[in-house]
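Next, two complexes with subunit A in common: one pairs it with subunit B, the other with subunit C.
Coming up: the complex of A and B.
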């Protein structure tokens, strides 16, 4: 792809996004509301947060919402008429400020969702969304994306990639669509020079040294011999079964499907589900292969760090640390996994 | 996508999260890291608290019973009928022949309006709500001991206690985000957890002592612990001397409760009683946490008084990370009590027996105020069955599943001349109503909830209500106007202004200040008052803390040859109260789709039953078929049943015997028998 890089002044970002929003794009940005940073649709005058830790709720919600309508059905004569819910977007969407770990998480979800079947609900949203990623300057207390090879920089799978280098953003172009976006608002972009490129490299290096946690990924192969490690039980004893680690995980993609009937009409919806919930594997007769919480705990970790890799050649964990952030009883993924594999 | 910050409608912890809104529908929940209680974390109910909002069963139009069936009607027709029928009963049989059940699910503003409706419009103090069924004994007991019937300390303080004594609370399941403070105190700060509970629960794994007592013997074990504290010189004499009264009388009684005698009553080994006493009394900051295992007994008030005794005898009140901390079960059960949805007090616990108080409310509301104390929840049902109560207006409560002895409840409700139920779903109670009024859920309205630590927090409207549903306060005011009383509010905030004026402990609590501070804890008497995280700092609310000499009394119903099992009822993590919301939440109902009864493997063997097999449970009140959950976490000859399930309703079985002071029923102990079913 084009080698050319650009810069945008920090003070121009809001106006740039405002202009993109006028070009038939829905622009999603990280912003502060009620004291926390969230991804929300950009509105004129909205403050865009640039040097934040990662929002707790990942951008997964824009591709695989917690509840998503799949099919609407209606009684017609003696039968029913079904209509596929509007899952593609009317207009293109731009996701600004998404972190490298979360881009990797989408790459993870892409794999099963275009494996045996194409999950069109998800894939259409993916196809219709431009990824304006931003490298991370402030890793959080529980972040370990560097260990997983998912940050703080990003090599590909973006349309544009921004790095905050002080008073400006350094912009790398990843796709033609990304370049087209620049061309719709050229007045905001300057060509980057060598000094800017150096500043970017320095910034990334600086961030690489900021991580407080490291998962000893070289030793993850040992997991296959650790299925009976007593640490799993220790974790399960503490777990309060909230399901939060599944829900908040940017790469957890399991869902349940339910039908809701309103009189003669109905709707089929899917909603987030998770392997930490007891009902996830319960069968119709009541038997449950993962009845005990410790079995579910192992399933989650082994899927993240072994099974998915066996099947797709990459781990299903991107090191964002959210499962630790959101855990009410502070089950720290890095600490526990390192303990189990005898890692650093 | 929009995100609207709000307060969780489930337990009393008071967690906050964003409701995610897309195309006018709530489609999910997102945690907020800066909220002081939830701190970006939620339990499984919180994570799925959006699911019931758009359930197809939501009530969307008023319903009127015609020819035996509930049929859709216009608001005018329904409200006129409610107003005329209530007016008719009032004129014919008097104000006290009408009762009102307010709601621990509804906002403070709605509870205030409902209690005003009872007192100013109907002219009765017959107003109560389901706090009667969970913490009436807390309100009565702690008011007597300390002068204020609420959690003495705040949730965060638990993290810094040296010793936490948890009794009658399955905290991880019922108040998950409070329990996590206990787990953190134990793991990260080396706190010692003492658990006194008949069953093994998840907390047991973290306790240094887990004493399993015979259900219904709480007064005895606490007296035993105090016996050891006094005899071993572990009491805080300075605190007893300067801050309390009534110690000598209590001491005299407690001297009889030697650990050996207590072992006989409770089955807790004498040495364990000693160990509890030493561990608790030697802490520099010890916190007692309890819930319905303490309160739901005919000796509920006695149990609460005993907890207060234990805290005072060791000086563990009025300091950070100490205190007596009842965990309130519902999102706004604290607030419903605070706002006077109780038969003996107005908002802020101002007594209806006080002439000056009555005068104040009479002048503010332009109506004569009734002085006779009103009926409580179970008493209203009894009065209905006796034909004395003729009209009942129920807002957001479901006695047909929540109250003891459901056959009797049904008999009472069916005998009423007129029953109106206002709710978000057609509940088991609404099915019996003459008029059903559709109300808005928490996602559709604005108002405030007060959590278990007395923190008043905002609920914000996220989506429009389905169909013609209206906010509860708006419906009640409309009925009032149709009954000829001028009650008009423009918004929930408008009601809060009136609350501020009439309620000293809420005077400084305005929407703007709540917004700026993530809520405020009462007492908050002025606009510049910072709120009160812990009570009784230098002085108890009542002046001196009062010890009470409390002798042990057995439960109302004891086991015998015919009913050899002790049946206890309670709650579980995935469901809430009568299941009106959680059983209509796909994820939560999928997690636990049916009721069950816990029994010990030996008992299961004895009746020839295995795990997941159907069993019939019978008491003197009735019989229910449910599924056996065989577990050694429950002692022999004890049974435990959650009460959330209509198809296996535990309250068909429970004993309606009441605590004589608090009028709370004995949900925690009754005599039962169990058998296998073919």
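Coming up: the complex of A and C.
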């Protein structure tokens, strides 16, 4: 064991986060609102949820907001003046409670957003956000992160990593910045002992054994010969083309760009888009290379489970199960893909 | 914060009407530093924007060799943004990002005959390629330009076609889908022009740009003639937003047309789902 580990009492977490918030950090936490667990900005006295399953919406909105301003412009005479829109994040921020699967989703988005050109808007938010991840407490009905190698534990890409081991959180340190955070509030941390470490391993094991769903990832290579499988059409026929699976997905990052003008002033902003929507590839004059829904269905699945991996060396699905959770017509990703690849 | 999404200002120097719906815009960057920095290769494109309307990808139709101090875009009025561009004239300012995308490696074609097979607006991106090849005409075995348009009035760059046809070793053949009274030339789709000339597939590279349906037929003919897949070059068109490999719109298989293309050889794209 390399790094020193710590524990924090569950009852102290809220005060710990309160202290961090008083330092120079914005703090985002999972909390309950109208019965759903959501990530929201921390306020003093707010209930922080620590025994939940994965929140309904992923934290991608803190890095790639549903709409994000890119450029501000002002029309002037025969032309315009334009400047980079002020970033929505120019201070340091702490994201507490993010799950391993959702951390992996950010690692996915990092790849295209650093490919050839840097996407400074996203990368700045990434660089300014400390990842205080929490290993999974309880897999949801549709979760299969373990199949994708994205949970329930996390190997790296965190500043601090928490595990709920009963009446306290076990804390692993991933970076110097994470360690500094502990040093700003040392009164809340005790050094972990062997017994705590054992409790952590036991908790991870327990969760690993609870997964109801498994994607047969070893057979995913077969997809390349399944492009004409009739199952795609079956799925496309059921789908009502709502795009929910795109929007809710923690690793879907496609966006549209629109200009909004108010008088002479305006802003060019981007907003989430989705490959399941018919207009996504439509070109001037009406030609559309993915006109039929079955082509869009295949694009989503192949991009997630083959193309992205061929280009970047990892899949664009982290197994969070949310697309299956939200699909109004119950298109179950694991069941369908297993059926297509002849998996378990 | 630096941003690749921030457009630079370019002033329109002149607008030349090419056809009823297509004009050539000559422009230059307002800031001399932007002018200095703008180095492009045949086949690349820019993102041009009119604030309030949006941004679209357009190929650069000028040649880095010939056109110094300005660049040119040939734009068809087809929708929201292009309509706004067509309302502009001399002295108006547009936003430009780029150049983006890869380019045609014309050096690699030296020693061979270059066969251009072009439909409609496809001549805009290929114009600097043709100019690049004919500028070192002696380095190539020969040049053939097969160009088709819907009607005689839809033919672009008539002066260039004229100039090119006068160069020794350059053969220009044109055709239209629908003739009018003034037209004395060929009538029919572009692949029909293959019958009118001698092509030696082993000693030729083909460069194609045009509507998807044209590409489909041309590809079939070229492969049938025995062209090697890596000797067929084409450009791909896809809905684009960012132009820099982020927004996902132009994704097809493992490729992003905006950063890996728009120029491909056939062997690179033949296994992609529905490439054209």
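Going forward, the second predicted complex is superposed on the first by the 338 of 344 C-alpha atoms of A that agree within 3 Å, B and C clash if a C-alpha of one lies under 4 Å from a C-alpha of the other, contacts with A are read in each partner's own complex, and residues count from 1 in each chain.
One rule holds in what follows: a contact is a pair of C-beta atoms (placed from the backbone, for glycine too) under 8 Å apart; a residue touches a chain by one contact, two chains touch by 3 or more.
Please read all numbers here as calculations on a predicted model, not as lab measurements.
A.B. asks: Sharing subunit A, do subunit B and subunit C clash or fit in the superposition?
C.D. replies: fit
A.B. asks: Based on the superposed arrangement, let me know which partner A:298 touches: subunit B (first), subunit C (second), both, or neither?
C.D. replies: Touch partner of A:298: subunit C, not subunit B.
A.B. asks: Which partner does A:273 reach: the first (subunit B), the second (subunit C), both, or neither?
C.D. replies: Both partners, subunit B and subunit C.
A.B. asks: Once the two structures are overlaid on A, work out the angle subunit B-subunit A-subunit C from the Cα centres, in steps of 10 degrees.
C.D. replies: 80
A.B. asks: Which of the two partners, first being subunit B and second being subunit C, lies in contact with A:11: first, second, both, or neither?
C.D. replies: Neither: A:11 stays clear of subunit B and subunit C.
A.B. asks: Scan A:258 for contacts with subunit B and subunit C and give back first, second, both or neither.
C.D. replies: A:258 sits against subunit B and subunit C alike.
A.B. asks: Scan A:45 for contacts with subunit B and subunit C and give back first, second, both or neither.
C.D. replies: After superposing on A, A:45 lies clear of both subunit B and subunit C.
A.B. asks: Minimum C-alpha distance between subunit B and subunit C after superposition, to be given in whole Å.
C.D. replies: After superposing on chain A, subunit B and subunit C come no closer than 10 Å at C-alpha.
A.B. asks: Need the overlap of the two footprints on subunit A, from subunit B and from subunit C, as residue ranges.
C.D. replies: In subunit A, residues 256, 258, 261, 273 are touched by subunit B and also by subunit C.
A.B. asks: Residue numbers of subunit A touching subunit C in their complex, please.
C.D. replies: Within the complex, subunit A contacts subunit C at residues 70-71, 73, 75, 78-80, 82-84, 87, 112-113, 115-121, 124, 227, 253-259, 261, 266, 268, 270, 273, 275, 280-285, 287, 289-290, 295, 298-299, 302-303, 307, 310-311.
A.B. asks: Show me the residue ranges of subunit C that touch subunit A in the complex, using the header's touch definition.
C.D. replies: These residues of subunit C touch subunit A: 1-7, 9, 11, 30, 49, 51-55, 78-79, 82, 91-95, 212, 237-239, 241-242, 244-249, 251-254, 259, 273-274.
A.B. asks: Residue numbers of subunit A touching subunit B in their complex, please.
C.D. replies: For this pair, the touching residues of subunit A are 28, 33-36, 38-41, 56-57, 61-62, 65-68, 237-238, 240-244, 247-248, 256, 258, 260-263, 271-273, 277-279, 286, 325-330.
A.B. asks: With touch defined as at the start, can you tell me which subunit B residues reach subunit A in the complex?
C.D. replies: 1-3, 5, 18, 20, 22, 25, 27-35, 40-44, 46-47, 50-51, 54-56, 172, 176-177, 179-180, 183-184, 187, 202, 205, 573, 586-587, 590-593, 612
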